Amino acid sequence: MSASAVVFYILSFFILAAGLLAVASRKIFRSAIWLLFSLTGIAGLYFWLQMEFIAAVQIVVYVGGIVVLIIFSIFLTQQSGKDLPAPVRSRAIFSVLAAGAGFMLTWLMIRRYGFHPVGQGTIDASVGNIGAQMLSTSEHGYVLPFEVISILLLAAMIGCIVIAIKTKPEDK
Amino acid sequence: MPNDAYIALIPLLPLAAFVVLGLFGRKSLLRLSGIIGTGAVLISTGLSLWTAYRYFAACLSDGACRLITPLKVTWLTFSPGLSIDLSVILDPISVMMIVVVSFVSLMVHVFSLGYMKGETRFGTYYAFLGLFTFSMLGLVLSGNIFEIYIFWELVGCSSFLLIGYYFDRPSAVAAAKKAFIVTRFADLGFLVGILILSFHAETLDFHTLIQRLTGPSPQLASITRASFLGISLLSWGLVLVFIGGAGKSALFPLHIWLPDAMEGPTPVSALIHAATMVVAGVYLVARLYPVYMFADPAVLRVVLYVGAFSALFAAIVACVQTDIKRVLAYSTMSQIGYMMFALGTFQAAGEENTLGYTASMFHLFTHAFFKALLFLCAGVIIHRVHSNEMKDMGGLRKLLPLTHGCFLIACLAIAGIPPFSGFFSKEEILLAAFHANKFVFAVGLFTSGLTAFYMFRLYFSVFWRRQSQDVGSHHGEAPLTMKIPLVILAAGAIFAGFVPFSRWVTYDGAPGKGQGIGGFAIAPVMLALLGMLLAGFFYQKESARPAKAAAALGGLYKFAYHKFYIDEVYSFITKKIIFNFIGRPAAWIDRNIVDGFMNLLAGVTARISARIKGFQSGRVQDYALYFFAGVAALAVLFIYIYT
Amino acid sequence: MNLSLLVLAPLITAVAVLFCRGLNRVRWVSLAGASVQLVLSFGLLALYWKERAAGNDAAMLFEYRHAWYLPLNIWYHIGVDGISVAMILLTAIVMEAAILVSWSIKTMSKEFFTLLLFLSAGAYGFFLSLDLFTLFFFLEVSVIPKFLLIGVWGSGKKEYSAMKLALMLTSGSALVFIGLLGLYYHTGGAGGPHTFDWVTISQMQFPAEVQRVFFPFLFAGFGIFTALFPFHTWVPDGHSSAPTAASMFLAGISMKLGGYGCLRVAVFLMPDAAREYSPLIILLATIAIVYGAFATMMQKDLKYINAYSSISHCGFILLGIGMLTRTAIAGAVMQMISHGLMTALFFAAIGMIYDRTHTRLVGRLGGLLKIMPFISTIFVIAGLCSLGLPGLSGFVAEITVFMGSWQHAGEMYRLATILACASIVITAVYILRATGQVIMGPVREPQYNGLADATWNEKLAGILLGAGIIAIGVAPFWLNDLLASGVGSIMDHAEKTSIIK
Amino acid sequence: MWAGFIFSLRQELIVTGIIFLLLFIKVGATEYKTAVILNLVNGLLLANFILGFIGCQDSILFSGMFHTNKLLVLEKNILNLGTLIISLQAYDWLKGHRQVLEFYLLLLATLVGFFFMISAGNLLMFYLGLELSTIPLAALSSFDLEKRQSSEAAMKFIMSSAFSSALLLFGISLLYGATGTLDFDTIGQRLDGSAFQLFAFILLLSGFAFKISVVPFHLWTADVYEGSPVTVSAYLSVISKGAVFFVFIQVLYTVFKPLAANWYRILVLLSILTMVTGNLFALRQDKLKRLLAFSSIAQSGFILAGITGSSRTGDASVIYFILVYIFSNLGAFGVVSLISAQTGKEGIDDYKGLYATNPLLSWVMAISLFSLAGIPPTAGFFGKFFLLMAGVGKGNYVFIGIAALNMVISLYYYLRVIKAIFMESQPEPIGKLTIPFLPNLAFLICVAGIIMTGLMGWVYDYIYSLSIGL
Amino acid sequence: MNQVPLSHILFVSTALFFIGMYGLFTRRNMITMLMSVELILNSVNINFIAFNKYLYPEKLEGVFFSLFIIAIAAAEAAVAIAIIINLYRNLRSIDVEDANEMKF
């Protein structure tokens, strides 16, 4: 087993363990931190896959953005230190069953299906290439999705503002 | 006889009267309605007599009476060959019948001018009378078996309307309903009989039907080959037709409507329930007589026994009734029984005997006169006394001399005392019976004695018994319009017997031999006299004798008085059995089971709907769980199971 | 003649009514519209006769086709034969009478008349349709007006009844729908497009197993409309809760849609299956006839009496159709028309009585003949027609059914015929009971004494329907002639395409 | 070239243009009158709708990411029309709302999302369009900010849709793994029907099924419809659902053609489940919005039945039905919206006696419900008829029999509403309401659409001429 | 990295997927539910990257897809949190069990 592989397995273990703790911990802060670890682990995985740009984005958006947002909202809504309520018993059982069975099923599917590499070339996931493709209209150009997602982000922003902004009580 | 289409006018004139009076008789023509109705029937009667004259004259000149169809209009075609034609046929019995019907109807019309005077629904009354006269004339002139059924129903309906004329009397309504329903029940037999006969004969025309079912023909072969319960369909058909006739003619056990029908105005009883409609059954059998003769003798034996039994049964009941009209009603039933068993005498003894046919028709003819007379007399009496009960009467001979005389004539006629008309016809019937079946002959003989007894019981009770009586404030016996019909009918009752009937009216149209009665008449006449004497003994003066006799007879008397409880049996069957065990369950099943099932379906749907509401728990995590379960189920189902 | 006029006339009237102001104008416009329908349908009759007299012996006259949904080969295709002409005439007469007796509707009269006119448009369309899609369209059109008419202007447990009627009738349509689709997808066997066209389909032969599967759907579906046992339970509730005019229409026309559909679609297009299923049809029809009659005997409400008797009488229609003899089918059609007129008249009379006495319970009425002679007379005429008195249409129709049924020589068929015949006795019992109680006898309640007889419009309605009844009863031959060609072509078709026999 | 570009993209561009216009107003103007804005927006939407009709050319842009052809333009026009009607109907509600501009920004953003989704030529565009239409919609659900139910609905919606798009994405990723492409055309060529691909397909299907409320993926529907503002519910029920159906049928008929035998069976099962469940739940609802929610679930079942026909008739019938469904459902929702905005009443019992006070609204409601129930002469009849007719094309009569039976059940609850409106009464019925011009116009469009669409066969003919079959 | 077969990476992503799903099903706090969603989305991202890298390296489709997913996840999270906060204002709770006013 090469070092690379060892790194992968350690990363994998870390991701899964952190993820599991994130969904299992009764303390909401710990939960958020475990999530942070897990997401960072995934960024590590991307590094391991030599997808540096993605890894960077992962860290910037998730770690720098989403997790912060989450923590922020925890502050807004939660009295810290209190345990989270335990899951409803019956649902917990069914959830374990569903997730377990689902996992078995999916894993079975994936295992059975022999993936055959079709392309021979090597992947060029450099920032430059990604940037060029992102704004290209020609073959493999992603300018349209890029524009679309800009509208999406705009809309999401407006949505957030409308909903979350504290409106002053109208002339009462 | 060419150019006989005018015969259609005979029934149509009363119909026109019905239409006019039905539309306008309630208000504008109220006063005139009697005149209009009577006028129409008068013309019809004239035409009938003229027709009869011409027809029988032709018979004489031809040597035999022929069947003439002056008019035939297709009314409704079912399939090739099977069509209801509105046709008019002339043969001896139909000609005889139009005379009887129109004549009696005329008498009743005239009589009613006085009798019904002042009624608020005078116009309606005449309208209904017109409808009845039309239907009855149509019935007797029918040349098509379905046509006869049509008029058969129509006379039933007009009978219903006239019985229920006093519609605000519950008893009248009940009687009308009863008459209609009982005859309807019998008509069912008639209808099925028609279906059977016409299907196999492939025609509805009487003439063709008779030809096909009496001679060698494929139709006859088919109907005799087909059988049900081991009896050929021909026999079934004939028996069923006979049941129809028996219902209309009030033969046992379908007679129960007739006494109640006396709820109608008395002239109506005279017309419908004595002289004309009730003999329709006899007429029907007579019309199909060749087929009856040709078919299994057992069929005519049924006719014979039913007729004889009805005659005897009704006579016995008549002896103990106290309502004057009911006595007459039972007497009618008894006389019709006579006519019917006369028809049944053919072949009953294994040899041909066609005298019965003529005798029956003859009796029908004479009976019409004296029975109508009796009823009209009863009408005068009731008009005067305002009661139907014999106990309210007595000693009326002074008060109503003309009526007394007419009534006596009629009683003598019905009792069969020579030379009154009833004598001739009755002797002929007894003669036919004597040749055919000794047992039935004995029954007939005994019944004729009973007839004399109960008629004179009535006669004495009404006109003698007490000294005299002062009833009502009227002066005079009755208006002229009521008297004239009495006199005319009385003449008929006396002289009708002298009509040379058997020369004209025979089953095959050929002139009959006219058998002499001679010494054979002694026994019946003696018996009749004995009955009269007995009646005189009991009822001529007020005495305790009747009561004693009744006490002596005990149960039998009570039994007869209650008409042998036939009504009760019927009411038990209808009210208790049919209503409770068929009608009520049917209605209940419909509401609770059939409809209940539909409601149950709705209920089950609602129940399921309520049961599954838990899926929509309102918890978003449940939703996600179900979502994933759905995906997993689909995956497992369609990847592993259905591939 | 442009047959679409018949559909358009009521629709235009309905729209016109919507723009009317004032009760009186609403009434008169509706009446005028109904009269136009009446004139049109009599005109149609005259033209039909003229055309036939001129020797035009096409199966369908005055055909008109217009592409509607071309990709699906759905056409607006109409035309008439004698049967349709008769049914259209019936509809026009009943509509006119229904409008006339609705004079007393004062609440939401505009809506009432609009819906009523809408109903009639549906009925005309149905009887005219030669395309099965169009036919189905018009069949369904009438569901909602019925629902509203019963639910809004009805009486008693009207909402329940309206709902039940709507649901059961829609179930019927659902069955019809499946049957129609089945037919549709089995047309075009020779490579041609699938079609709903009745004329085209009638020239095809469906394989026996196709017929076997889809015939029951069509027959039972249409049967529900015409009170096929055991799907008849909407009839008593629906009819008795409906306002007078709606009852008249429901029993007079709407139930006939079913009979017409059974005949025109189910039996005509799938004769082999019809023959195969005929024992079952006969069985159900006989049950309906006898059992309906017995159930009627026990009813206490006049409308229930007539509703149940309709079940029994409509049984004759199905019996006639099931017997599959020329005469029986002619009888069935006659019975449709006769029953349409008779039951409309009956409901009209009941409605008039109810308007005045505010009760329909037999036990609380009595002696009406003295107080309202006209209404009583039409009541009695309707009753007598119902029990099959000669001279009235009921007799003609029933007798024709009986004669035709008897021609089917199977023993069970014979038994069914006899039982059907027997029902005339039961009919007599319940009709006379009702008549005896309601019309005759002493006046039951003193307050009835001052009640008025029919008004002019009610009289007109009664006379119109009564005239129809008598016209058929006295002179049935014209109706018979009118129907002959249509019935004849049905039977010819049935004989020609028989492949099972 | 740019002209062609713009022309092909014009519907998207116009809507985007409106969005930016509104954004500028929002940013630039400090004082504005709500009514003016509403009139302006509705005018713009009308213009948008009309401009949608100006010709069309088939084109494939952005290396296959964006397709357009007559059918797609038609579908977008249908959505434009629906949006216009909804906007007109929202007048009353929006007039009292402070964030009108934001409302339209979000609404039109979702519309653009739908457009891109419909035109998508690959899974990425499809996914982006889907999300673009989902996320703002979640925000819109919450637009009755002070109402707890509204927030709850939004929460349920966003959670459910996040979950569903997660599954969808997982499916897409597997599909990508199996075929190596996101391009629709290429995927179709590389499908082999293996279990793995089937599994991926089912995951993908569940994403679609979620959006079109197919049982068992429908559970969010009723709660979200009930809690959201009526306008948003209406939008969800017709525009969102219609758009996803458009894409769904396109994807099934072209991309997943090789799996047709598989998805046919799946859809039959889901269709039956959906119809039955939707109807059974609708039977016992007392609130109109909830009833309409379940009814829309049941309608989805019927549409699925049409899709199973896999023929041109099927495609045409589905599109036709959605057009009809827009008219009918919006008619009903419009009335609910108006009454809810003016009185706050939304229960069926509140509608008792409505006819006496508001005959016009009652008739609009009645006609819409008849159309939903599939009663002629409304267009709903034709729509349902054609759907089931297409569905039975494969000879599965049992299936269509069940569908027909369900039409009867559905009639019951529609009639319940009619019954309440026309036949029942209550002591305090809803008073006489004034209907402003714009909602009135919307009702007119709906009713005219309901009545005319069915009777005029050319609408269907036109759709059929563009539609595709398997 | 070539010693690690694709399936092992897929194992990680699948496991993460179902871990996230388990969290979504059981966590009663809405924010933690949201966290679970993020886990799920990440698992999908891993899939895309791995497939792209291992199987179809000549185009960057997987990479781009995951980029867009990340962006959308952010937007979604933002809106979701806004909604949750708004709900919290109305409900004074972010326990998902409390948000079941509408049901049946």
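In order of appearance the chains are A, B, C, D and E, and numbering begins at 1 in each one.
Convention: a residue touches a chain if its C-beta (ideal position, glycine included) is under 8 Å from a C-beta of that chain, and two chains touch if they have at least 3 such contacts.
Treat the numbers as computed from the prediction; the structure is a model and nothing was measured.
Using the contact threshold fixed earlier, the set of chains in contact with both chain D and chain E is A, B. The set of chains in contact with chain A as well as chain C comprises B, D.
When every pair of chains is scored by its C-beta contact pairs, the maximum goes to A-E.
Set against the C-alpha centre of chain C, every other chain centre is closer than that of A.
Relative to the C-alpha centre of chain D, the farthest chain centre belongs to B. For the pair chain B and chain C, the distance between mean C-alpha positions equals 36 Å.
Note: centroid distance chain A to chain B, computed from Cα atoms, is 102 Å. Put simply, the C-alpha centre of chain A and that of chain E have 5 angstrom between them. Averaged Cα coordinates give chain C a centre that lies 42 Å from the centre of chain D. For chain C, the set of residues that touch two or more other chains comprises 167.
Residue positions of chain B with contacts to 2 or more other chains are 602, 613, 616, 618, 620-622, 624-625, 628-629, 635. The set of chain E residues touching two or more other chains comprises 10, 17, 20-21, 24-26, 28, 33-34, 51, 55-56, 64, 68, 72, 75-76, 79, 82-84, 86, 96-97, 99-104. Contacting chain pairs (ordered by label): A-B, A-D, A-E, B-C, B-D, B-E, C-D, D-E. Those residues of chain C that touch chain D in the complex are listed here as 67-72, 74, 133, 136-138, 140-141, 143-144, 147-148, 151-152, 158-159, 162-163, 166-167, 170-171, 174-175, 177-178, 181-182, 184-185, 213. The part of chain D that touches chain E in the complex is made up of residues 123-124, 127-128, 131, 135-136, 138-139, 142, 145-149, 151-156, 158-159, 162-163, 166, 169-170, 172-174, 176-177, 180-182, 222-223, 226-227, 284, 290.
By the touch criterion stated above, chain B contacts chain A in their complex at residues 621-622, 625, 628-629, 632, 635-636. Across the complex, chain B meets chain D through its residues 602, 605-606, 608-610, 612-613, 615-616, 618, 620, 622-624, 626-631, 634-635, 637-639, 642-643. If you check the complex, the residues on chain E that touch chain D are 10, 17, 20, 24, 30, 33-34, 37, 40-41, 43-44, 47-48, 51, 55-56, 61-62, 64-65, 68-69, 72, 75-76, 79-80, 82-84, 86-87, 89-91, 96, 99-104.
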